[in-house]
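I've put the structures underneath this note.
What follows is chain A paired twice: with chain B in the first complex and chain C in the second.
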Partner chain A sequence: MSTPAKHKNLAKRLLGLSLNDEGRINEASVTEILVSLRKESPIGLKSILRLFLAEIRKHEQTYHARAEIGCNEEKAVAEKILHKLESSTGKNLMLSVERNPSLISGCRVRLGDDVYEDSISSRLLALQKSFN
Partner chain B sequence: MITLASVADTVQSISNTFGVDWPMLIAQSINFLIVALVIWKFAFSNILSTIKEREKQIADSLKNADRIKLELEETEKKQQETLQEASLSAKKTVTEAQDKAKAFIESQKEDARKQAEEIVEKAKIAMEQERQRVLKEAREEIASLVILTSSKVLEKELSEEEKSRFSQSAADNLNISG
Partner chain C sequence: MSSITDLIRKEIENLSTDATQTNVGTIVTLADGVAKVEGLSKVMFNEMVEFPNDVLGIALNLEEDTVGCVLLGDTSSLKEGDEARTTGKLLSVPVGKGLLGRVVDAVGRPIDDKGPVQSDQQFPVERIAPGIIPRKSVDQPLQTGIMAVDSMVPIGRGQRELIIGDRSTGKTTIAIDTIINQAKINKQGEDSGDPNFRPVYCIYVAVGQKNSNVARTIKILEDTGAMDYVTIVSAPAADNPANQYLAPYSGCAMGEWFMENGMDALIVYDDLSKHAVAYRQISLILKRPSGREAYPGDVFYLHSRLLERSARLNEESGNGSLTALPIIETQMGDVSGYIPTNVISITDGQIFLETDLFNKGIKPAVSVGLSVSRVGSAAQIKAYKKVAGKVKLELAQFRELAAFSQFESDLDAATKARLDRGARIVEMFKQGAYEPVPVEIQTAIMWGMQNDFFDSISVDDITRAVSSLKEYLYSQGKEVCEEIYSTGKLEESTEQKLRSSLEDWKRTFS
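Now for the complex of A and B:
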């Protein structure tokens, strides 16, 4: 097996060790792994750390959704979005929310590689494309 | 016999009348004959032969003249025929050249007409493409302006309550596949 493949496998195994019972990233476990890696200092540590970070981000995206909302009442909308996401995917998800005035109104949700959006700006953009 | 005697008498009487000296007459006659013979031999024959030769030359010349005349006539005739043929040939050549020139001019005209048509057609196509491009650009520009204006107006005019209502409705209507 080549060195990058070994590192990738190791990063995946480290990710497995970083998860808690709910399948989410456990910060304490990650810290423990990082300390251990620093202590052991294996060959290709930099590459292993980079791959481990990529695996963590990739895994986090499977349960951590990010929503952009175009109004001040973010909490009520976020609750609706989270409920909708969890009922659609059947998973227990995290949702981080931020205000995005460029949407004018509406919301944009990212979960993994998927983006769901219904906002005035997206509708205007679709309208503009239909003119062309 | 009687008659012969009468003739001799007549001759005798004439000679007596005109005083003919027979020996002299005979001698002169012989001299005359000798002179005549000499002249005939040395002068007349040469002259006659020269005359005959001249006659022959003249006859030949006349013959030649006739022949030359005939040849000349023939030549003139041939020349006339040649001239006629040349004239006909020249006319034919000129006619052919004129026809070819006409055909060439017609062909050139046709080519020029086709080229002009092609140029006009290309110009029309280019104009149409340019028109379409300008229209598309104008449409895009107008759409962009309309959208920009609409977004500005909506951003300014929509109240927070309306924005919230729309956002909640949008959250409800999100089409999330599991």
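Now for the complex of A and C:
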């Protein structure tokens, strides 16, 4: 097995150790892992830490939905979408909302690699494509 | 003005306003027309992926964490960190008769400044080849108009006949001649008003060629009036390897439309050596394991899945056909190379062009010994079969004897006669580029050769005699040629007419 592949596997195992019972990242476990890594100082520590960070980020995206809204009044819509996602995935999800004026109106919710969108900008884009 | 507003209003009304769900990813590396994308966890193999600035890609490598996408079009606007999204669609190209007379790129976009392609139907570029049940044996001829090919390596509709040879040996010329001949036959058939006439539509796929060569081919087809029946799919050498890889599949999808709608089509892949090289480049960038000559392991499948799509369908499936003429360039006449042997084993025969013959002025430089058609003879018309049956054997014997006769000073009469006949046949087969000869004229010339009409003419004069006979048959021998064309047979009465015509010609020829 090549070194990067070994590091990747190790990063995945470390991610497994960082999760709590709900499958979320546990800050205390991550701190503990980092301390022991620093102490052991394995070969390729920098690469392992980078891959570990990537794994943490990727995993966090699976339960942390990020919503973008066109105007502040639409926060409720994003929350409604989140509830629907919770019932369809069966997971307890987190939501962070930020304003994106380029949407004009409507919202865009990203969970993992999936993006759910209903905004004026997306409709205009679809209209533009239909003319092409 | 009101009609414009109505049009826009209608478009808006038809627009779906539901929330959309897409699967997205981020470009992590971008090099040589290939993007590695992190994310896209729900992407399917061969699915079209959308990048910013209307750049499209195809998901070819599905790995654990990343997806390898080959990019189509100008990738200079893309950068690492850009978002990629799935489309849920396979790459498709426009198909139909609206493409005839047009020059398009690998994804079916027009590049000839003649406006948008008139087509309301799309076919995916990658499709499964017809199975055993809808197929039928090859039984209809596809005349190339080249005497050496039509007599010795006849091609049938639905056949895959490889054209193979070194660079500059006339491979493309044979393919272009065949296309020109189809156009001539199509015009003749359409003018005759015969309801049973089946035109052959042509698709010429140019892969990795110089733009000047493609432009020259287009010019030739336009000048000969063949362009009305031809679609050109161009992925020149300057195009990215993804487009060069896709072009043959796109052309094939366009040809399949004709086949599946009960029509006949001919497709020329010029050439599959460069196609394999483009695929090798993509595979190496995608970090797929390489094998012999650095080609990936599935380079055989690359060509077999393409050529298997050419078929002759039976009556229940519409009776259509797609004939393929793939071209392969050899190095120093070596047919035992990796890609040549692969394609030879896939196709139903090959026309091998020899550099030595070409340099001796024997054009087309068809090698008798190495050229073969495994299924085409079943499709030859009876009249032609009757006169061309022995010619391949005679020519092969001539080549063998010619090699030995160099060391013999005293030859017996039979050997000398065989050598004389062979030399005359070689001269008879010499043919200029882009001058295909109709099958009925070919039959008459071959009949003349078989019946000793050329024996009294010196070998050096045979080419002139053949040209003279052609002219005679086009003008005064029309009646007998039409009889051969309409019946497809050489009855005794026809042979008598042919004899008197040729005797008449012989008197005038000096």
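What we mean here is this: the second predicted complex is superposed on the first by the 130 of 132 C-alpha atoms of A that agree within 3 Å, B and C clash if a C-alpha of one lies under 4 Å from a C-alpha of the other, contacts with A are read in each partner's own complex, and residues count from 1 in each chain.
Note that in this section contacts are C-beta pairs under 8 Å (C-beta built on N, C-alpha and C of every residue); 3 or more make two chains touch, one makes a residue touch a chain.
Since the structure is predicted, the reported quantities are computational estimates derived from the model, not experimental observations.
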item: Dominant toucher of chain A (residue count), chain B or chain C; value: B
item: Contacts of A:Tyr116 with chain B and chain C, given as first, second, both or neither; value: both
item: Which superposed partner A:Phe131 touches (first chain B, second chain C, both, neither); value: both
item: Overlapping contact positions on chain A, where the chain C interface meets the chain B interface; value: 81, 114, 116, 118, 127, 131
item: Residues on chain A engaged by chain C in the complex (per definition of touch); value: 81, 110, 112-118, 122-123, 126-127, 130-131
item: Of all residues in chain A, those that touch chain B in their complex; value: 69-73, 76-77, 80-81, 84-85, 88-90, 101, 104-107, 109, 111, 114, 116, 118-121, 124-125, 127-128, 131-132
item: In the complex with chain A, residue positions of chain C that touch it; value: 11-12, 14-25, 39-42, 85
item: Chain B - residues contacting chain A, complex; value: 136, 139-140, 142-144, 146-147, 150-151, 154-155, 158, 160, 162-164, 166-168, 170-178
